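Presented sequentially are two complexes of chain A, the first with chain B as partner and the second with chain C.
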Partner chain A sequence: MRLKTSDSLIGVAFITPAATLFLLLVAYPLFQSILISFSAINTMTLKGHYVGLANYLDILQDQEFWRTLVNTLIWTAGSLVLQVLLGVGFALLLHRAFPGRALARSLVLFPYLLSTAVAVLVWRWLFNDLYGILNYGLVHIGLIERPIAWLSRMPEAMISVILVGAWKFFPFVVIALLARLQTIPLQLYEAARIDGASAVARFWDITLPQLSGVLAVVVLLRSIWDFKEFDLVYLMTGGGPGIGTQTLPILVYREAFPQLHLGKGAAIAVVMLLVMLVFMLLYLRQSARGDER
Partner chain B sequence: MSGRRALRLRRRLLRVAADLTTWALVLAVAFPLFWMLGTSLKPSAETFALPPTLIPAHVTFEHFRTLLFETPFPTYFLNSVIVATGTTLLVIVVSLLGAYSVVRFRYRGRRLAAQMVLFTYLLPAVVLLLPLYLILASLGLVNSLLGLILAYTTFAMPFSLWLLRSFILAMPIDLEEAAMVDGASRVEAFLDVVVPQALPGIISAALFSFILSWNEYLYALVFNRQDHTKTLPPGVITMLQQNTNTEWSLLMAASVMMAVPVIVAFVFLQRHLTSGFGAGAVKG
Partner chain C sequence: MVSVRYQHLHKAFGDGSVALQDFSLEVADGEFLTFLGPSGCGKTTTLRMTAGLETPTSGEIFFGERPVVDLPPGRRNIAMVFQSYALYPHMTVQQNLEYPLRKQGVARDERARRATALAATLQLDALLHRRPKHLSGGQQQRVALGRALIREPEVFLLDEPLSNLDAELRTQMRAELIQLHRRIGRTMIYVTHDQVEAMTMSTRIAVMSKGELQQVGTPLEIYREPRNRFVAAFVGSPAMNFVEGGIELRDGRAVFRAAGLEVALPDARSARLAGLARASGVLAGIRPEHLSLEPGSGEGRVLVVEAMGHEDIVTAETPAGRIVVRSAGTATAAAGDLVPLRVDPEKLHLFDAASGERLAC
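And now, the complex of A and B:
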């Protein structure tokens, strides 16, 4: 808008509070965390000194770091795949007209808005080895002989975390896909039906290609968010058994707080950010393209 | 003739079967939620009964009473209300001004500002965790609700800015111009024309900010270690870890209470749910 050029001062005034908070609470901390990563600092006393690249070299030679990175990738990929499969399936089911659809949609979407702490409490109760209904049900129908300690054995612990992650986060995929499904022109389906295409063929030839754009964005966003997920994994298993389900955010927390190595924690966080930057830049580019359209 | 009727009947049966399958799957997904509610209403003895009762045989509110009168839960709840409300108010005012500025004014760095907003939105909390801890410590804001509010602006502000930006982008400029031709100042036009028009966007940004802050765990865990400044998520987890004999019915009652504000927000949000998608709906 070009009503008056002089009022660009008002524009600057309006952005100032947001910009100040951004500089103070995001830009400066980000810069500082790079500085911290070059130092050895005790988290309690906050005393320390410059050590150059020592923290980074330390990480790269640390078996635990690599194991944790692999765990993070397993968790991210496993949970993401399930989220997409469940998301596509439920989006198609909930897109159809059926009695009570509004309520059904609310029930499916709700876990996404629920606090992760609550979701984990409920699931730890379901997974409980002595009184959990999951073990009871599985024993009852004869799938397992005796109750399993889901969260303190490998690979059960990783599988449990992935399942709960899928349950908690797949509604995001549903929300995104439902919005897109509404905009697919019905004529496409009518034409296909006249041509005698089966329901399966219509899904592969019409629905899926139409959804592919949103799906790409959703996969990008969810892989960023799953990769950095702390709450769900930490609260389910605390990273255990041993470091079996420890992911990078948990390692950052552990180094910096229980172990008081603030500098090493910061270095791991920086490495984590570098890995994520690839995905973040892809998403930024994608959304900038969407903006121009 | 009868062949056509049989075909119609077959179609109808298929449809009913599909409807039933859908509902069965939906209920399976929602089962943990029902189980949470059921457990919170059962007497303690029934909680550990085998076989488990799907629907409580006896309904009791004793766990809610215990929670409210014999645990620090009310303190955590109040702290969460203060932090989530404070974050929401701060973030909405700042983001509304910022979003309006980014959309309606031309100045250098405007595009960069928009990109920075999105970048910040994707930034992992754990990267900001350590330096924010240092900053809050140096300001004496560790173990304070204000400190947590400041920390929460790092995710609530970019989210609200992005959501409100797309809202204002979609608003026609004519009304503002007409108001200004009639002699209103820029600020008056903003307050009298833009704010009322952006109200649906403001409401959904506010509800999302509230939910994000209400649910946040990591910053709350690290920054507020003392009981009187703890918020609900770390507070309730402490309750889980403190007792050797976990009182699941008490924890489920706490979970239900934590979910109530989210349910209320969700009811208001439903129609706006997809509008939040521009900014990725809710942070994962």
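And now, the complex of A and C:
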């Protein structure tokens, strides 16, 4: 269909505000970061010069970068697996009818709605080696003899961060799955019961395949978000002990600000972007497939 | 092969509503029995209890001599076709067909062999690797039937299986279901609110209303001798006309009399009706096909004529109320005409106006 000129103008007029915001707030900073990543720039003075691929070569030879990348993958995978397990479990529980279900459904959102700073504050209290209730409880029931310094020892610090991350973000998985669960026709389960499927078989043969599309999208989204998560990890441990829980966003921050290496920081951010681009492409493919269905 | 016997079945739901009351019925081995009734009459609940998807509040269901109320659906050796078909959307046609066998632990080769053979008889062989959403309504219906057939169950349960099909396909599937029943000879219990499906396919029909069994009989018995007003009104299309009046005896002959309408009953019926003579409180049921536009019983003013080609459906206003007539031929009347009406006295149904029960005659 051919549009009249006036229709096209109206179309352009509608797109302009959003396009302007996108160019100013997304495209321009992205372009700038990529540009900066090819320079040696001091964060304070913003003075520097073009160095080509030097920042990238520097990163690739940097032990700390590789160690941090591994940390990031451990954090992302660990927290993601727990989020999915908790998410599926709670979604199935909250899908069943029981008195107080509406209240329970709202309560389960609580960790997700809580500000990260507040949540971390509370968890640092719970984990505290001197007066934390976690150590008190574990000692009391005799599981450990002495209090554990949860946040200043490895691997306890990483485990703690992963646990808190799982707790903070699993409600997102619950919401997405619960919405899907409610659209699965009950007659599928009835047909399966008549066909002789046990409760476990019905989960594997009907529930899980019906959830798989949403689950794939949730896993991809959460892995992107966990991969670039900064505040929760930084506030919990500051990346420590040493660089034991340092993830890539923390490394970017440290290079760019305390160390004043804006160029190197930008280069690490660009590498992160490339990794996330892989997830993005998978996500786009998955959602395109979802549309086909 | 097995009969199904319902014994004083009762079902009440948590909210206090009663779905079924003291329901007793025996479905003979190999019979095609239809539960017919409007929505909310308890027919689907009864079918679901037969399947084991609902538990009766009290009463028992027997398959042959075996009580089944405590058996889970998977162990009753039944198959069910749902109104929505309930095909597993993520499985191919072949996987759908094989699913009941897989759950019975049938070996892979044997499953594939039986699915392929069945698909051939249902004309699904070209579709075995498609998913349900890529099938037409009629094809999905066939897969649903196939999934029920493959395990060779003792009892088939069908819950309004044709209501999602268009009119033409429905007629075609009715014929196929009749043939299917004749071929496999298994007990089939069919639920519908469509009297045409019930009349054309069933060995016997159980008419239900408000959780109670109204009448059980062959389609012809239900049509010819409805036991009460509900059954009379529910079966037949266009629906039966009802006229309230009385019975008087005239020269030893019983005459049904209402405002502007008189039908002298044949001798055989007169004798039996003699004791029932009364001035009012009698409801006459007259099927549109047992009326004609000839002098004899009364007259009416034509309101609407619906021309069907081979016959006219004529609606006329009479002093006794609106009367619908199936008049054979074309252009038998026009709106506004004053037409004579004749009731076939042999086919007049008489009910007690208060109780709705059929009068013994």
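Criterion: the second predicted complex is superposed on the first by the 281 of 293 C-alpha atoms of A that agree within 3 Å, B and C clash if a C-alpha of one lies under 4 Å from a C-alpha of the other, contacts with A are read in each partner's own complex, and residues count from 1 in each chain.
Definition applied: a residue touches a chain if its C-beta (ideal position, glycine included) is under 8 Å from a C-beta of that chain, and two chains touch if they have at least 3 such contacts.
Keep in mind the model is a prediction, meaning the values are calculated, not measured.
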Quiz item: Sharing chain A, do chain B and chain C clash or fit in the superposition?
Solution: fit
Quiz item: Does the superposition put A:Ala288 against chain B (first), chain C (second), both, or neither?
Solution: first
Quiz item: Which holds for A:Asp231: it touches chain B only (first), chain C only (second), both, or neither?
Solution: first
Self-check item: First, second, both or neither for A:Leu73, with chain B first and chain C second
Solution: neither
Quiz item: Does chain B (first) or chain C (second) touch A:Ala197, or do both, or does neither?
Solution: second
Quiz prompt | Partner chain in contact with A:Leu126 - chain B first, chain C second, else both or neither | solution = first
Exercise. On the superposed three-chain arrangement, identify whether chain B or chain C touches more chain A residues.
Key: B
Self-check item: C-alpha centroid angle, chain C to chain B via chain A, nearest 10°
Solution: 80
Quiz item: Does the superposition put A:Gln187 against chain B (first), chain C (second), both, or neither?
Solution: second
Quiz item: If you take every C-alpha pair with one atom in chain B and one in chain C, what is the shortest distance in Å after superposing?
Solution: 7
Practice problem: Using the superposition on A, tell me which residues of chain A are in contact with chain B and, in the other complex, with chain C. | Solution: none
Quiz item: Which of the residues in chain A end up touching chain B in this complex?
Solution: 1-3, 7-8, 10-12, 14-15, 17-19, 21-22, 24-26, 28-30, 32-33, 36, 43, 46, 90, 93-94, 96, 98-100, 104, 106-119, 121-126, 128, 130-131, 133, 136, 140, 167, 169, 172, 175-176, 178-179, 221-222, 224-231, 235, 248-249, 252-253, 256-257, 262, 265-266, 269-270, 272-273, 276, 280, 283-284, 287-288
Quiz prompt | List of chain B residues in touch with chain A within their complex | solution = 18-19, 22-23, 25-27, 29-30, 32-33, 35-36, 39, 47-48, 50-52, 93-95, 97-98, 100-102, 104-107, 113, 115-116, 118-120, 122-135, 137, 150-151, 153-154, 157, 161, 173, 176-177, 180, 186-187, 211, 214-215, 217-218, 222, 232-234, 236-237, 240, 248, 251-252, 254-255, 258-259, 262-263, 265-266, 270, 273-274, 277, 280-284
Self-check item: chain C contact footprint on chain A (complex, rising order)
Solution: 185, 187-188, 190-198, 201, 205-206, 209-210, 212, 293
Self-check item: Parts of chain C lying in touch with chain A, wherever the complex brings them together
Solution: 51-53, 72-75, 78-80, 82, 84, 86, 88-90, 99-100, 103-104, 133, 147, 151
